[in-house]
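Common to both upcoming complexes is chain A, partnered first by chain B, then by chain C.
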Partner chain A sequence: MTTTALVRRRHRTVPYIARRTFIHVGLVSAAFVMVYPLLWMTATAFRPSEQALIEDSLWVPQPTVENFVQGWNAVGQSGFGVFFLNSFIVAGLAVIGNVLSCALAAYAFARLPFRGRKFWFGLMIGTIMLPIHVLLIPQYLLFNALGWVDTFLPLIVPKFLATEAFFVFLLVQFFRLIPREITEAGRIDGCGHPRIFIRLILPLSVPALTTAAAFSFIWSWNDFLHPLIYLTSQSNYTVPIALSLFVDSSGTSNYGALFAMSLLSLLPVIGFFLAFQKLLLDGISTTGLK
Partner chain B sequence: MSHVGNDAIGRLHRLSRSARLPVAIAGVAALSLMAACSGGDADPPAAEDVPSEGPIAITWYGSDARNAAVQQVVDNWSAENPDVQIETQPTTFDSYWDRVSVQAAADNIACVAAMQSRYQARYEDRGNLLPLDGLIEDGTIDVSGIPEAVLESHRAADGHIYVIPYGIWFEGATLNAPRLAEFGQTAPDPSGSWADYVDWAIEAQPSMPEGTWAIADRGDQITQFQAYALGEGETLFGDGEVGFSEETLTTWFDLWTRAVEGGAAPPPDVNAEYAGVPTTQSLMAVGSVLVSSTGDNNISDVQIALDQNGLGTVSIVASPTDGVPQVVGANGWAISANCQNVAASADFISSFINTPENALILETQTGLPPVTSVLESLQDDPDVSQAIKDRIALYFDLLDQGATVDIWPDGAQALVTQIATSYQEVAFGQTSSQAAAADFIAQANAALSGF
Partner chain C sequence: MIDTHGHAAAESARSETSGASGRPRRRDRPPRSAWTESQRTTAAGYAFLTPWLIGFFGVTLLPMLASLVLSFTNFSGSFRTVQWIGFENYRLMFTVDPAYWQSVRVTFTYVLVSVPIMLIFALTVATLLNKGIAMLGLYRTIFYVPSLLGTSVAIAVLWRFIWGETGLLNNVLDLFGIVGRSWIGHPDTALLTIMVLNVWTFGSPMIIFLAGLRQVPAELYEAAALDGAGRRKRFWHITLPSISPVILFNGILAVIGGFQAFTQVYVVSGGTGGPAGSTLFYTLLLYQRAFGELRFGYASAMAWVLLLIIGAATAAVFASGRYWVYYGDER
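Up next is the complex of A and B:
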């Protein structure tokens, strides 16, 4: 009897099937527990607002889109369309800025010999440990002095200056995995650092760059504190700030509209993940991210 | 050294009591450093001394509906003052203090900034706000209609008034009298203390059906403990420390433990489950408890929920302080020390509080108007709901009894959650009432003293 046949027979045995069934039921149950909040939020978005926090079932007997209509037009004089546009501008430019600047910084740390490289790299890594609240006030003072408060600039310009040490670290790790023989070959062919970076390093680093872009987008899209501090006019609010306006401890809250708009706000993040799923997984697996 | 400079070290010492928000801590740190280098003290400016050029920013907090109402009032004022460029910065209550803390660090608070009696001391103490005494004295800000006790409550330790109240709220006991009558009970005597309420509840509980409790467990509520402490002849805050004894807090915890063990209040697991739910889904609103407490502005929400299920009618009475005058809270307007158009800001504030039409637009969402004539105009208006008129009538009663606005010292906000934690440890049997009280007082004193 061949090995394949033996394996097939063993797979047909009752204990094997029972064990596999048990494992799958367990995994599906655990997955349901994980996904339940998302499903509940989806169901609640289609439920009348007054039932929002009363019902815990996922079944909506009489679904309504009223929450979406209300939510889209409820906050301030701008409407959620403006908030989504603001978020796309901020998150989109943050992605571009982070990927470009962090890749340049990472290339320098990974491939350029310069005095004190280890020290500066360590210092850069050390900035990850600085609590955000330590930086917030000095940054605010600076941006206020520049007249940038209530503009998108404080949320975008720093991203073009490689201030996100996490992404620099991530890309350094990836660049170090690229065989030096490849860049040496480029050098022999007459490439300088700019051409090696653009023609060799970047094309080989698409998974890592995608990972950096994805995290950058998600963090920027979900960022609450910085937009809260820097954006004071309602017409400049991003989605997280606008969402917070639905719920307030000092008055009546509109939970139905909150969940409806929350559901919409998740769509770009989910879309981003689905579009770049394969590259993301490659990037995460090759850079040692968990 | 300047007034600001004199306070610099003290300000730095106060940093650690800003336990509520890391942002606030960082904001205060930077602010203190800046304040140490800033300008000197001066008499509160009068109308002819203040700058009157440039745009004004107005910032406040609230839910979306409340923000829309305030925005409408701002828009109306703007229409009457087309030469003043206005920028509005509304946000939610919790977010508001994060933002203002950072803005304070950069001397960049909006010209007209909402304050609240539980938070304003921080900004008054640190020189972020303009003393308004001069503008009050020359009539630029007309406060003649505000009861003296209410206005004077806002006078800071340095003798100046920095905040003009625009909305008053108060906490009281809530009673579902019709539902009590269904079970053959009459409402408890509102002139007593919480101890009298609990005694009444234990006696009334046997006539309640399964799953209904005579009284809500209020052991974790700092404002209700305050009412109890007032009844005991004590106060919530002293000078840099708590104003009540360990014995008073211990008996407070024991009181509610007795209510729960007597079956008159929900068990701790039910209480924990309902902690933090919206007012419309509180145990009182779903008809599971018949006596509780809340802010006067929440009564309408509770009634809406009760009406949905035909579960009775809620009414609010004074806090059970055993006859001692209770305290009220206030939202107020301040003008920032960095404001470049104080004249327009002062005019806006004066208009906001004195225009009866504004009160109709706001529908008391920001609290009861502080000006007596405006309150009376609401009472006379047939379009104003009876619930609002009842609240106004009770507020007038409270004022007659000697109520004042309770301005909390800086650092006191942490006590709200701290007492809830301490009481839950008692309720779940993790510690004794006395130990919890001692622990709470130690932590509260640390927060209030600045270390």
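Up next is the complex of A and C:
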């Protein structure tokens, strides 16, 4: 803001102000177009269902929560309570798994000059670019052979094995910045690697770990393909699968309820983003996480 | 790269004992005193790397190789009937299956059209935001949130209603007296709606561009301004070359992501790739062949060709970078 003020003082000419105004008008209209669909979805979720699709305005004269009540109980015998619980279990465990396993691997890559490190690090980086479709079918056959289909295990176990290399990379970048002297002091005090890792590295890396945790949650929460393949019985569905089922079966045309549940399904993601905004945006700037 | 063997030498002998004391070890090892410092570090390195190694071999490398092997078979879920059929899957794909080429066309159109547009949007908005604009944080948030939600089913559901026959877009067009149609239901425009969805998620590359723009040294602009270079000249001759590595990076990320688009297409087209195959993305056809028709061998072949396509596209973008990416030497 202070730089803005300085620049303004220097350029208080008419063309300058005109250009600024022009830019602001452009940005505001672009931003409005960008968020309009989201606002419309929100308005529609609170509108009486029979007006759901005929209204385009964002103004809801008589907001109702009826859509939420209906949507919550709408699909099958389970209802969205179960789907949300499933999603929270899967995403919660994905967070724990990703953070733990990726931090362990990142510590090795960033702080331990072990033999073969460069070789493995190169392979790890290589897996970032690998399209998941190459792994999809054999993984499915493997998990099917283990009897894991229609359980959460295929969605969770890989996360405990540091398979999302983006997070390893993110944490490596961060761990490398921790000053050598700090861990050196730990060594002189007689700490082994496990203790240095737990007592020094992890506490000093809370921002990076939080970034990884938040992205991990959001990706897992939004994931559609894997639950689609692995979850077969309705009581195991996660929210995205339930929503897509809802669309296909909505000859019922209860659009209000559909929008209400769609809106609810976005809230955890938006909540995580707002809570960790700065960390997430920094994380993207440095590593290109989505 | 930061670690050196000098560090390894500084590690005290006590350290490993305290960490390992009382813990069962996976394999027998010689008495601790016989270990050199670097051996100890190596042991610790592999111990920390164990979960990743299991994941790398079990969930990544072996499945990858299995997928390659499967692609030469007619595997359909039963090991009793499986046969080695050589390149038959690839032959079918390239010379017989019209759906395959349709999916290639759709996917390439999507990537070649929507990725550049998305990047241009991202760069334009990032440039505007970089001018010390007020409320930068708010703009950043508003532009970024769609890319966070873009791959969710909820947004795909919303898209179906925005671009539908009686959807939001047509209602807006109505105000201008334009008669719309079901954009999603028409083969000519269905793909367009998914491309718009992709462009809508320009926030994530925008954030990366913003970070890049901040690195451009202000002296360059000042010097150019003294030389009388106008706004446009400065953009073309300073901004663009300075952030060309970031453009390359964003381009590669977007291309890799673009080839793998799935959720939006699946939900918008109800899993069919319709109307008339106009949204039959590569990944959707692969999914149908594998999990709809249980043609795991064929789908594996498709997956390997996708891997090669993505590899080739990435390499091509990289190689083109020789001509337009500028890594400043004097910085």
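Just so it is clear, the second predicted complex is superposed on the first by the 229 of 290 C-alpha atoms of A that agree within 3 Å, B and C clash if a C-alpha of one lies under 4 Å from a C-alpha of the other, contacts with A are read in each partner's own complex, and residues count from 1 in each chain.
Here is the rule we use: a contact is a pair of C-beta atoms (placed from the backbone, for glycine too) under 8 Å apart; a residue touches a chain by one contact, two chains touch by 3 or more.
All values derive from a computational prediction rather than experimental measurement.
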Touching partner for A:281 - first (chain B), second (chain C), both, neither: second
In the superposition, chain B vs chain C on chain A residues touched: C
First, second, both or neither for A:130, with chain B first and chain C second: second
Which superposed partner A:138 touches (first chain B, second chain C, both, neither): both
First (chain B), second (chain C), both or neither touched by A:214: neither
First (chain B), second (chain C), both or neither touched by A:197: second
Chain B versus chain C as contact partner of A:160, first or second or both or neither: second
Touched partner set for A:244, first chain B, second chain C, both or neither: both
Partner chain(s) touched by A:225 [first = chain B, second = chain C, both, neither]: both
Chain B versus chain C as contact partner of A:101, first or second or both or neither: second
Common interface positions of chain A, toward chain B and toward chain C: 53-54, 131, 133-134, 136-138, 140-141, 225, 228-229, 241, 244, 246-248, 255
Chain B residues touching chain A - in the complex, by the definition given at the top: 22-23, 25-27, 29-30, 57, 59, 61-68, 71, 87-95, 98-99, 102-103, 105-106, 108, 110, 277-278, 280-281, 297, 301, 308, 365
Residue ranges of chain A in contact with chain B within the complex: 50, 53-54, 74-77, 131, 133-134, 136-138, 140-141, 144, 149-150, 225, 228-229, 232-234, 241, 244-255
Residue numbers on chain A that touch chain C, as the complex places them: 1, 3-4, 7, 23-24, 26-27, 30-31, 34-35, 37-38, 40-41, 53-54, 56, 100-102, 104-105, 107-117, 120, 123-124, 127, 129-142, 158, 160-163, 168, 176, 180, 184, 187-188, 190-197, 218, 222, 224-225, 228-229, 239-241, 243-244, 246-248, 255, 258-259, 262-263, 265-266, 269-270, 273, 277, 281, 284-286, 288, 290
Residues of chain C touching chain A in the complex: 1-5, 7-8, 10-12, 14-20, 38, 41-56, 58-60, 62-64, 66-67, 70, 125, 128-129, 131-134, 139-149, 151-162, 166-168, 171-172, 200, 204, 207-208, 210-211, 249-250, 253, 256-257, 259-260, 262-263, 266-267, 270-271, 283, 286-287, 290-291, 296, 299-300, 302-304, 306-307, 310-311, 314
